[in-house]
Amino acid sequence: MSLTPFLGKVLMVDLVKGLSVTFHNQSEKERITEQYPLERPVVFARYRGQPRLNVNPETGESLCIVCNLCALACPEQLIVVKGERNPATKRKEVVSWTYDLSRCMFCGLCAEACSTDALELTQDYEMALYSREGMVLDQAALERGPEPVRYAK
Amino acid sequence: MLESVLNYLKSGVTPGEAGSQLWATIYIVVIVLGVSIAVIAMNWLERKILAHMQIRLGPMRVGPHGLLQPFADALKLLIKEDIIPANADKLVFWSAPVVVTMTAFTTFLVVPFGRTHAVTDMNIGVLFMLGISSLGVLGIIMAGWSSNSNYPLMGSLRSSAQMVSYEVAMGLAIVCAVLMTSLQTGTGTLSMIGIVEAQNAQGTWFIFKFFPLGFLAFVVFAIAMVAETNRAPFDLPEAESELVAGFHTEYSGFRWSLFFLAEYSAMLAVSSIAVTLWLGGWLRPFANTLSGPAWDLAFSLIPGLSFLVMAAGCFLGTIRMPKIVQMRAQVIGLGVFGALLGFVGLVLLLPGVRERVQDIFWFVAKVACFMYLYIWYRGTFPRYRFDQLMKVGWKVLLPIGLGVLILTALVGMRQELHDMLAAVVGGTR
Amino acid sequence: MKPATPAAHKPPAAPPKPEGPKPEPWESELVTALKQQYGSGILEASRYLGQPYLIVDSSILLEILRRMRHEEGFDYCVDITAVHYPKREQQFDIVYVLYSFPKNERIRVKARIKDGEHVPSAYPIWPTANWLEREVFDMFGIVFDGHPGLKRILLPEDWHGHPLRKDYDILQQDKEWVHINLGIESGQ
Amino acid sequence: MSQPIDTGYLDLDSKDKTFLDSTEMVLNMGPQHPSTHGVLRVILKLDGEKVLGTECVIGYLHRGVEKIGENRTYTMFNPYVDRMDYVAAVSNGLGYCETVEKLLNVEAPPRAQYIRVIMTELCRIASHQVWLGTHALDIGAITPLFYAFRDREEILRIFEKYCGARLTTHAFRIGGCIYEAYDGFEEDVKKYCTFFLPKLDEYEELLTTNRIWVTRTKGVGILKPEDCIALGVTGPVLRASGVKWDLRKAQPYECYKNLDFEIPTGINGDTYDRYLVRIAEMRQSVRILQQAVERIPTGPIMAKVPKVIKPPVGEVYHSIEAPKGELGYFIVSDGSTQPYRVRVRPPSFVNLQALDTMVRGMLVADVVAVIGTLDIVLGEVDR
């Protein structure tokens, strides 16, 4: 055994090296914890979160044309769209639109399939609920977007 | 009444020496309370320091910077359901944590926090501490055996083997220190107070004595004591990744918290031995180089000042906390805590108090360094395997301990040896 | 030569889409040698999309595998699996994916077996076959003779049926459980 | 000819045959155990602390992925494969997409290939980071876990920016990628490379020379190369035994043939070598990333694939080098929109089989170390 490794072993250089790493990481600027309700994570534009049905901002009409493509694309078959043709405008209009959030895995295939800009997975991530009841979203809830419970005074 | 109190305070002896039952009781109560508070503080500090090493924040929600977290946990543990497994040996299961806690606390009987701040000055103090602290293993075996479950059994068997092995190395290292007390002054002692006095008389802490012999003995002890208290990297009896929780797997609630209490007080106890034997106990640092009344005064101010610095840290913390409504209670709490620390610091600056208290401060400060080391090790090192642990104990520490012991004896007796050799050589001539 | 796919029993009413690549005969020394030795035991040797495969008679399966392992250098058994064709007489295709480290080649050896027919275990040739065969047993109910411990691996011991068979209804077990434990007809 | 290796069956009823034979203990490790990485149950037969034999009980996380695949269209099945090896979801998706592309006889355009390679290599680093953290945690070092997860966070951020999800990414589609690289993608990856290398040194400072780490891992769970091959073990475990085999080199897919990297191998095939190999692999991945980022071509990211995917009748086996080993897909098409049969050849499942060979005669603590070093993900073992 040559001298340097031997000395290193006797003086426990390997252990000291490790100790110095943990010691240096104690500094305040290394800390990465986010204190969640106070600090909120940055969510990027492509994030696939809570689904939303978009409405035409000027008229408030739903952009959905009841083409049923999203329901066909969904691997979990959790979207049910029912519509009927309005004889006046000759356009299909939504009768019921449900989205079962409890089974959704946020793969984004529905939004990709949407032929208009109606269905979109938004950047809202606070979707937790206390029971499964509220997890089947109807058209109104989807257009409204999530309303997370806030525990502020 | 007041007179007797003052008389005792002036006497400068421990309650044991004074033969005062009353004062002994008071001391015991104070020590039990103090150790419990220290364990609570350790709990918080360990979480915080470990978290910071792991680039986390640690507890932040219960109280400012999680200061009340240990209390919240203690409350939770107290009101938890008390579970005794159906197939456990109930009596043994019940008594195991009691044994462990009792032994852990009993060791503090002879720990000298200062010249007069020990319950008694036992003339076999070191032996007493070693003996009692090794009784703790009994409780661990009881816990493991009575749980009637595989993981606790393996944990307790590991623990017993480990503690017994490392006690040997530990004992050798202690003998080195005891040997050093008998040098120069000529009278060896096993009394904890006597050992510190010997260091005072010899003008050096034993860690620096016969460099590097004292240091080596200290290192042997420092490693053995980590193993003795089942802490990382020797925490095999409770290795959570292998044995779930080791010997206390089946324990919950208050019984579990007793194990916790015992573990931390055992850490404090062995650190106290280390401090007493090698780091000059309650003696202030640089007692021989920086001597004189001015230095004495300066060092006696340090306890109070350090509390004031901590208080200032707290106030700084209140300023840096986020200024929002939800955090107001926390800010106020931190401010109050800072004020409390500041008040303690000011009290410690009073002339009457500071002389009596600085011994305790230095002792506690040294023990605190060891506690930090414990946490630091835990944050850094992987865990040894059982056979490797035994190898370190028997094949590394034991020979080093023996060697240091023999060398210490030889170096200490060099004058006598020289004389003897001269006599022999002279005789033959 | 029959195509190695279920198209054989599919109604030929498929739309006239552009035809995909066809399996082409696989010519190599290995195939020639095998054909010489086993004759009609080698039912088919083809390539599909550049991936060679052999279809052999189940009676000589073990022999072929052993030869592949020890003489042809296919030392690594990548995967063993099965495919169920309920409409065929020989309901199961059992597929061995083999790889040769020295040759950097991958081939598939397939055998067709009837429902209930036993297959010799490849465990003595490749120890890795142990769990892979257990999985095939678990999912298809194909019994391997000479396997050291053929029991279910992914599903619990008390599971009924073999779920990757085409006739296995995914709700079957669920319905039964619901019926027994909750006393209702269906949990869906 | 190699000896058949006993891969572990315990005769649990046969203990206590005679009075003096009663020293064996059966220890049930898992499914709820801190270091079985999920819900693996290992039944250990022990003599004191020495392991006489093991038996793995798996399937607690079985979700029937293969059955689901038969009931979904090709496009719909894509998100499900992410949920097998959930710490390396991108690799799963890549393997599946490539296999279907092979069945369709199309190839992703070059730009898509580069994006895919960058994503998969990032994913390999992320997967190895999870492995490093949990493996170190099993051996008792708790801190590397947090450092590894901190650095993995940066990768997940890139994933989220690129495809909108952090873990189960669903990043690729059959025929290429659906997401164009976002603005600053290249810069992010480059920044990550420069950020990560010092961090990797930091992990190494904590572990590589640490005497406790070395004694805990050297000579533990040795796998000889011939055993590796007989047991079908692949990935870093195989390479640590000295077999220089990596599908990225042996049968290059995507654009790996244009990229310059090395295959790190070990010598002894023990836990320490596997650790070194994985660390070296992370360095190689950084190297690949640096090259790939420089060379990303412009162009389309999606090949011409019909909207409804209907591969011609046929079957195909294709495999890629996932972080854990050879991840293969065997897909049988009957010409319809749904696969007739999807078989996944999971690396973790096959690698886990080597556990018994590796731990026999070792101690209980080594079982934990070996489970960690095999780098299994129970989601993939059980599917």
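Read from first to last, the chains carry the letters A, B, C and D; within each, the first residue is number 1.
Basically, contacts are C-beta pairs under 8 Å (C-beta built on N, C-alpha and C of every residue); 3 or more make two chains touch, one makes a residue touch a chain.
Here the structure is a predicted model, which is why all the values come from computation and not from measurement.
With steps allowed only between chains in touch, the distance from chain B over to chain C comes to 2. Judged by contacting C-beta pairs, the busier of the interfaces A-B and B-D is B-D. Per-chain Cα centroids separate chain A from chain B by 50 Å.
Between the CA-based centres of chain B and chain D the separation comes to 45 Å, rounded to the whole angstrom. Distance between chain A and chain D, defined via averaged C-alpha coordinates, is recorded as 26 Å. Averaging Cα coordinates per chain places chain A and chain C 40 Å apart.
Chain D has residues 143, 147, 150, 206-207, 210, 212 in contact with two or more other chains.
Among the residues of chain C, none is in touch with two or more other chains. Annotation for chain A: residues touching 2 or more other chains are 15, 18, 21-22, 25, 32. An unclassified topology is adopted by the chain contact network, corresponding to no line, ring, star or complete arrangement.
Applying the touch definition to every pair of chains gives A-B, A-D, B-D, C-D. The residues of chain B lying in touch with chain D in their complex are 50, 53-56, 150-151, 154, 158, 232-233, 235-236, 239-244, 378-388.
Those residues of chain A that touch chain B in the complex are listed here as 15, 18-19, 21-23, 25-26, 30-33, 35, 38, 152-153. Of all the residues in chain D, the ones that touch chain B in their complex are 25, 27-28, 33-35, 49, 136-143, 145-147, 150, 206-207, 210, 212-213, 215-216, 363-368.
Interface residues of chain B facing chain A in the complex, by the touch rule stated above, are 49, 52-57, 60, 322, 324-327, 376-377, 379-381. Contact residues of chain D toward chain A in the complex are 72, 75-80, 83, 143, 147, 150, 153, 157, 160-165, 168, 170, 178-179, 182, 202, 205-207, 209-212.
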